[in-house]
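Look at the two complexes coming up: chain A is in both, with chain B in one and chain C in the other.
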Partner chain A sequence: MNPIVERLIASRLWALVIKETREILRNKYLLFLVLVPPILQLLILGGALDPQVRNLSLATVDHAKTADSRELLSQIMQSDTFKKNQLMKSEDALAGELERGKKTIGIVIPSNFSKKLQKNEEAQVQVLVDGADAYTAGIASAKVQRTIYEFHSAAKKEERENKVIEPEINILYNPDLISSWYFVPGVLGACLTLTGTLVASATVLRERESGTMEQLLMTPASSSEILLAKIIPLATFLIVDVVVAITASRMIFGLPCRGSFLLLLLASALYAFVGIGVGMMLGSVCRSQRQAQLASFFINIPLILLSGTVVPLDTMPAPLQAISIFDPLRYYALISRGVLLKGATLDMLWIPLVLLAVSALVVLSISANRFKRQLI
Partner chain B sequence: MTNTMTQPKTRSNTDENVVTVHALVKRYKKGAEALKGLDLDIKKGDLYGLVGPDGAGKTTALRILAGVMEPTSGDTKILGKRPSEARSLIGYVPQNCALYPELSVEENLLYQAGLHGVNFEDIEKLKETHLEKMGLLRFQDRLASKLSGGMKQKLALCCALVGKPKLILLDEPTTGLDPIARRELWQALSTLSHEGVTAIIATPFLDEAERCNRIALMYEGKIQLEGPPRDLQEALGMRRLTFQIKTQEKLNEAPAIVQELSLDSVKDIYPFGDRLEVLSSEKEDAEGQIRQQLNDAGLELSEGRESTPTLENVFVIKLKELESEKAATTVEFPHWKNQSSKSGPEPGVAALKARNLVKTFDDFRAVDDVSLEIKYGEIFGLLGANGAGKTTTIKMLCGLAKPTDGEVELVGEKTDLRKVSVRKDIGYMSQKFSLYDDLTVRENLNFYAGIYEIPLKLRKQQIEWVIKACNLQSIENSIVKSLPLGWKQRIAFGAAVMHDPKIIFLDEPTAGVDPLARRQLWTLIRDFAANGAAILVTTHYLDEAEFCNRLAFMADSRVIASGTPSEIKADHKGKLFEVNPRDTQNAFRTLSEALDHWRVAIFGSSLHVLLDDENDSERVKSILSSAGEKPELRSIDFTLEDAFIDVVQRSHRANDGKDRMQMQTSGDEPVSQKSQGGDS
Partner chain C sequence: MFNTFLVQTVKELKEFRRDRLSVALAFLLPLFSLLLLGFGIRLESKSIPVVVRDSDNTSLSREYIARLYATNMFVPADADPKESLTRAIDRGEAKVAVEIPKGFTGKVFTGSVSPFKVYIDGTDISNVQVLTNSIEAANLYFLSVLHQTRQPDAQLSPVVPETRLWFNPGREERLFIVPGAFAIVLWMYPALLAAVAASREKEQGTMIRVYASNPNPLSFLLGKAAPYFMISLVMAIMVMTVGAIIFNVFPVGDPTPLIVSTPLYVLVSVLFGLMLGTYAGSQTTAVQATSSIGFFPCLLLSGFVYPISNIPFPLNLFAIVVPGKYFIELTRDAFVRGTGWSAVWYVPVVLILFCIVELGLSCMALRRMQEKD
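And then the complex of A and B:
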């Protein structure tokens, strides 16, 4: 046997790593925790978190009943924002529908609608919006307004030719605005955080709860060996998770990988260390697995919310944006989106990559320190 | 072996029964059978012991009786009702007391009173009767979490009594209590049973079972033997011969020497720390032959003694029948470390020296001025109640905790006990099981061989030794989780010593294990000591302490007595007397009410009474005759338990009359909390 290999196999670290790996593989709960939730969460969140507003119900009262009014309504219905247009007899009936929450938006077209259009006057249309869901209401009303505006401009052709500047929007990287493309890279990071913290804290605390930790501390193994042996198999499992998740997203959501996959794996490994480090820290602070699980929510939820993976950073108030500078998930999301969607290369991403490495180092050294201090 | 025991007749007349159980079976979802057909008839006022090792099914049986668990099949009737319908008649104290730690003694009791719908006016009376009786009235404002183990158990008993139950069920109430707290609890139970309350007590301690008036020996979900302890001992039809052996070095060889005789009458041979115990059948007299044989082999004997077998003897014989125990094969341990190294084990050289150790947590002294020395080849026992400072002491001795003051020299190292080279010389088996549940036996052994860096070439040989010495051939590829406790303990021991340590720390290695498994483990421990390793062992079992060459008793953070078992037993100002009353329970109650309760204890059918001087015996005689018993006292030698109680009581009295409870309480919780805090 190669002497180096032999020394490796004879080492304490090897014994520890083998033991940790076997424990995770034997323990159904841990194995489930490592493999299933990340991929499941990714698929659910990637599919469900869709910021676009679709399939809203619309009610209209058309007093004009002219070709123009019908044309306007059909134009409004053309996009998939609205799914069904119910014609109502009166404003009262329409208001009732809105009040009961059955319709999101109502349009009232006055009887003089066509006449005013023909006279080239301002033709007024009343738009009633259910503002209870402010986000949907905003998008729906904007959509209706825009359609009406365009309809007007079409009617006043000469004016359009002179005044209206039609912006030509060119959406890059995700031209079809597929929301899952935006979410998957971020959710991938969130899953690494959740799984990393939970499993890492569980492996430490299981050992303490069963009394084997005390035994381990009496063996010649050093605390850094003990920690390293817990990190290595777990980080490997998490990287496997990333590969599986990206492959699955590619098949289901058609997520591209335009940059270097290796770069993405490097960032994922660094980020997995952060997650594991947080878990180890919880493992050395908490007394039981349950306590660690509860505590992990207090860490993970702000970590995810502040990272811009689910809520865009630009929409946050300035102080929160400032805090998010310390959120390593922010950098991981930045890198994974950059690599997957934009094909960004190392020279564009080295700053977040370094920041990620720094946070991994900080979290791991804090937890190693805490772990050592509990000994004596 | 022929079964010399007759099964005690089942008692008929089920009308009187408080508890009737027939063919009770409990199968858990994962297929494990906790109870395999249990039959019980328990009468009013019985103090009934459900005795057996961990995993025998005691807890399951109690939970079904309490109505908190449904059996898979079988009949259970409590005073003619199903357990779930009889709940108001039952008081149930589960294993860890089920008290609310953040409520005070009084609040815990009031809460239970509220649950049982006790009238508001009755509550004062209730507090008086129960708390007063248990000596808790003074502590009624103390939080339950701040009580000592013994007080917690008594409070839990009070809470269970609030609803005036006809039947109380206690699950291992004395686990973790010191002998004095145990005596107090048993006295309380004895009084209760006199008042007509029926009590069922699950316990793993066989010596305690002798304090019940009826017992069932449980093993693997079945009752193996049932009846009054005395009947069971008599039914065994054997004599217990004790040979005091002066030449201790040869003690380990003694069983083999006796076995050479291959006498049919000898059913069991077992060496204790300074003596050999032989069980022989009543008919033939083997004593002379054995004595001759031992003498011929060069063993010097002092006077032999004959006595009635203990319940442990009864159980061991029964277990041997069940397991048809393989003759314990001693496989020589393959020492692989260089024996000529500087601090190599030489008998007589100290492996561990501790001088004036002190450990303080905040303002509390968990360990106060402890000094001890353990030589190579010596088994040293550290005894004491929970909270006496044992665990903290062990942690300081092996380097897991830093002493506040004092110094430790461990295998020649004084400054850095956490050095890798030092840790390689230590074997350590913690209180809880140090094996990985999800790995197989062999994987566990491989792991420990790896972590101690046993050279690759030698690993196989060391692992094979553990497997052979512990008889693990058939289960080496089983997952550890599925094994019985006794096996796990032996594997854990093997794993802790495979690397050929010079000193071995064993923290309560035999808690909860059946007597046969305990013996097997002790055989291994003795072999290691014989090979020159120093061994430090802590234990709750005082009879086990007899296996040690030297002992130290700890109480209130200090070592209050030390020496060889014989020295400790001999060093007493007090006098110990044995009383053989007709009605053991009654005499016990009368005496323990008249004297300090810790002075009286039930040992089998007799009582041990501890008196400060001979003159007090007249008083005892008059108490006995007024209770309708013969006023006869016999002066006897101290057992370790009696010695322990005497020493602890003297130490308490020397503490300027400080209240014992108070000291114990303040000494109890901070230690366990802090020591947990230390390792978490």
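And then the complex of A and C:
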């Protein structure tokens, strides 16, 4: 056998890795929490969430009650933006529905609607929009307005001018807009962050709180060996998490892996190191588990929010986008979406990959440094 | 009975005060998160990088492209349009690519349909709908202008919508995000504090001692919850005040639904943390459980950012058990619509139900602990 491999197996590091792995395996509850909820969550969120605005409810008051007005309403209902149209008797009833937040849009068609159309006058339709949900309101009202502008009364349909310019819109990578394909790679990264930091800080602090850290130090193992031994099993568990999550999403949502799975694993490993490194750093700064856990939210929440994994990044104000350059999760999300959906190759992704490696190195060396100083 | 309750409360508060860093975090974290959520989350797309290849290069095609940019949504991407357009999207340099083919103008003038290709990056699906809408709207507008220049007397459109945006006329996203952020922040931190406190006591084995000195599991739980309930109320007042000042979001209409429901919501949160704390064996598991059962569902399944009305049947059951969903409906009403009780009467009722269920589950956990020891 290769002497280097032999030395590695016989080394203290290996013994320490086994010790740490046993320690994690013994805490069944924690093990369960590391493996099961992130994956379940990923599947529930992936299946349930749909960032597209559709199936809204509409309320209408049709004073005209003519073929034209019914045609207009049915054209509005044609898209999947709206699901239910409730006819109301009066404007007051319609206003009540909007005020209680039951309907997103109310449409009032005046009684002279068809007459004006026949006389070639401009007919007006009132569109009332609940602006409380600004985003939905924007999409829904744009849809209604466009349908109304395009509307030509049924009688004059033949006069309708040809649309001479037609944008032919192609949606790449996810043409059916399956939301799980968007959420799974992102939420996966966010789960890695939360789990990695929490568990890592806990393992360090537990050892300190129970006073066994000093005992470990008395052994001939060097502090970097102790640290590495703590990191390796955790990173392995996190990578198992990734593999299980990707496989499950593949079976349930048909999530493709168009690029190299190995590349994704490499990025996941690097990112797991970042998460664990952050946890170790917290573990060396804080004095108790409670402090570390509260402090981890200071790091994790911006890390997750500024990464573009759960909420879009492009729409953020410029200063926050500038800060997000320092967010390693942003690069992990870029790589995982790139590999899974775009089939991106190493030559497209080497920059984020290097940045990920650099941040892993930085975080780990800071925590190793602090760790060492504390030990003395 | 009341005496033991009071003693327990004072004991908890003293214990909390001793850990200075935790006190600081308990008040700084919610504010920090509020600012981050309030400033950071926006859904309306702006400055989307687009790469345009104009193979036609006539005044009409240039005008058309100018029309696209006039939607204020696109900025030219840092990509070479001579290269393959989809490659720019592959590399993430552009989110949208537009290709106007040769002969575009000629077709427009002969009156035949002149198609052009648009490619949209589908990885970020939250953007796709807005992008599609605005490209089609820009197209429609261009067509109507074109039509008018040819036939100046022609009517642009026979029907004109007269749109009125209620409650939020400027369609400002801060009015949509900030009331939701209140609900997220007041869900996470009270639960976290309570979970850490309960699980620490359990980890150190003092929980059973305190419990043994108390005759009634319910009064034990309430005594444990009371101090964190008070801390969280202070947190709630602070978060809403700071939110009002910084984001200019004030309660409109009848404030009583907000005044009644906020303490209830905070209580649901504290009891949730307490419940997880009594079930979990260690602080790590308690926090891991709070953050994984609490954080993501509340952020994503509460209707805070993404609509939940379109979740299909069996899966929408997951959203129904997220208390944040109800409180967000309430805060949006209290801070934006101002309709009052007739719109949100059910919120306090649901919150009380949550409290009862959580208390019941925690009592069960306590009984189990008793049997074990």
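Definition applied: the second predicted complex is superposed on the first by the 340 of 376 C-alpha atoms of A that agree within 3 Å, B and C clash if a C-alpha of one lies under 4 Å from a C-alpha of the other, contacts with A are read in each partner's own complex, and residues count from 1 in each chain.
Heads up, the rule we're going with is that contacts are C-beta pairs under 8 Å (C-beta built on N, C-alpha and C of every residue); 3 or more make two chains touch, one makes a residue touch a chain.
Source: prediction; values computed, not measured.
Novice: Check whether A:Val243 is in contact with chain B, with chain C, with both or with neither, and answer first, second, both or neither.
Specialist: Neither: A:Val243 stays clear of chain B and chain C.
Novice: I'd like to know which partner A:Leu45 touches here: chain B for first, chain C for second, both or neither.
Specialist: Second partner only, chain C.
Novice: Which partner does A:Arg12 contact after superposing on A: first (chain B), second (chain C), both, neither?
Specialist: Only chain B; A:Arg12 stays clear of chain C.
Novice: Could you tell me if A:Gln215 is touching chain B, chain C, both of them or neither one (first, second, both, neither)?
Specialist: first
Novice: Given the touch rule stated above, what does A:Asn27 touch, chain B (first), chain C (second), both, or neither?
Specialist: both
Novice: Identify the partner contact of A:Arg290: answer first if only chain B is touched, second if only chain C is, both if each is, neither if none is.
Specialist: It touches chain C, and chain B stays clear.
Novice: Please determine whether it is chain B or chain C that touches the greater number of chain A residues.
Specialist: After superposing on chain A, more of chain A is contacted by C.
Novice: Considering only touches as defined above, state whether A:Leu87 meets chain B (first), chain C (second), both or neither.
Specialist: The answer is neither, since A:Leu87 touches no partner chain.
Novice: By the touch definition above, which chain A residues appear in both interfaces, chain B in one complex and chain C in the other?
Specialist: In chain A, positions 27, 287 sit in both the chain B and chain C interfaces.
Novice: Which bits of chain C are touching chain A when the two form their complex?
Specialist: Within the complex, chain C touches chain A at residues 19, 21-22, 25-26, 29, 32-33, 36-37, 39-48, 64, 86, 89-92, 95, 107-108, 111-130, 132-137, 139-140, 142-144, 146-147, 155, 157-169, 171-173, 175-176, 188, 192, 196, 200, 280-285, 287-289, 291-293, 295-297, 299-301, 305-307, 309-312, 315-316, 318-319, 329, 332-333, 336-337, 339, 342-343.
Novice: Inside the complex, what are the residues of chain A that reach chain B?
Specialist: Interface residues on the chain A side: 6, 9-12, 14-16, 18-19, 22-23, 26-27, 208, 210-222, 287, 374-376.
Novice: Within their complex, state which residues of chain B touch chain A.
Specialist: Residues 398, 400-402, 418, 420, 423-424, 426, 428-439, 443, 446-453, 455-456, 479, 496, 505, 678-680.
Novice: Per the contact definition, I'd like the list of chain A residues that touch chain C in the complex.
Specialist: Of all residues in chain A, those touching chain C are 27, 29-30, 33-34, 37-38, 41, 44-45, 47-56, 72, 98-101, 117, 120, 122-139, 141-146, 148-153, 156, 161-175, 177-179, 181-182, 187, 190-191, 194-195, 198-199, 202, 206, 286-291, 293-295, 297-298, 301-302, 305-306, 308, 310-312, 314-317, 320, 334, 337-338, 341-342, 344, 348.
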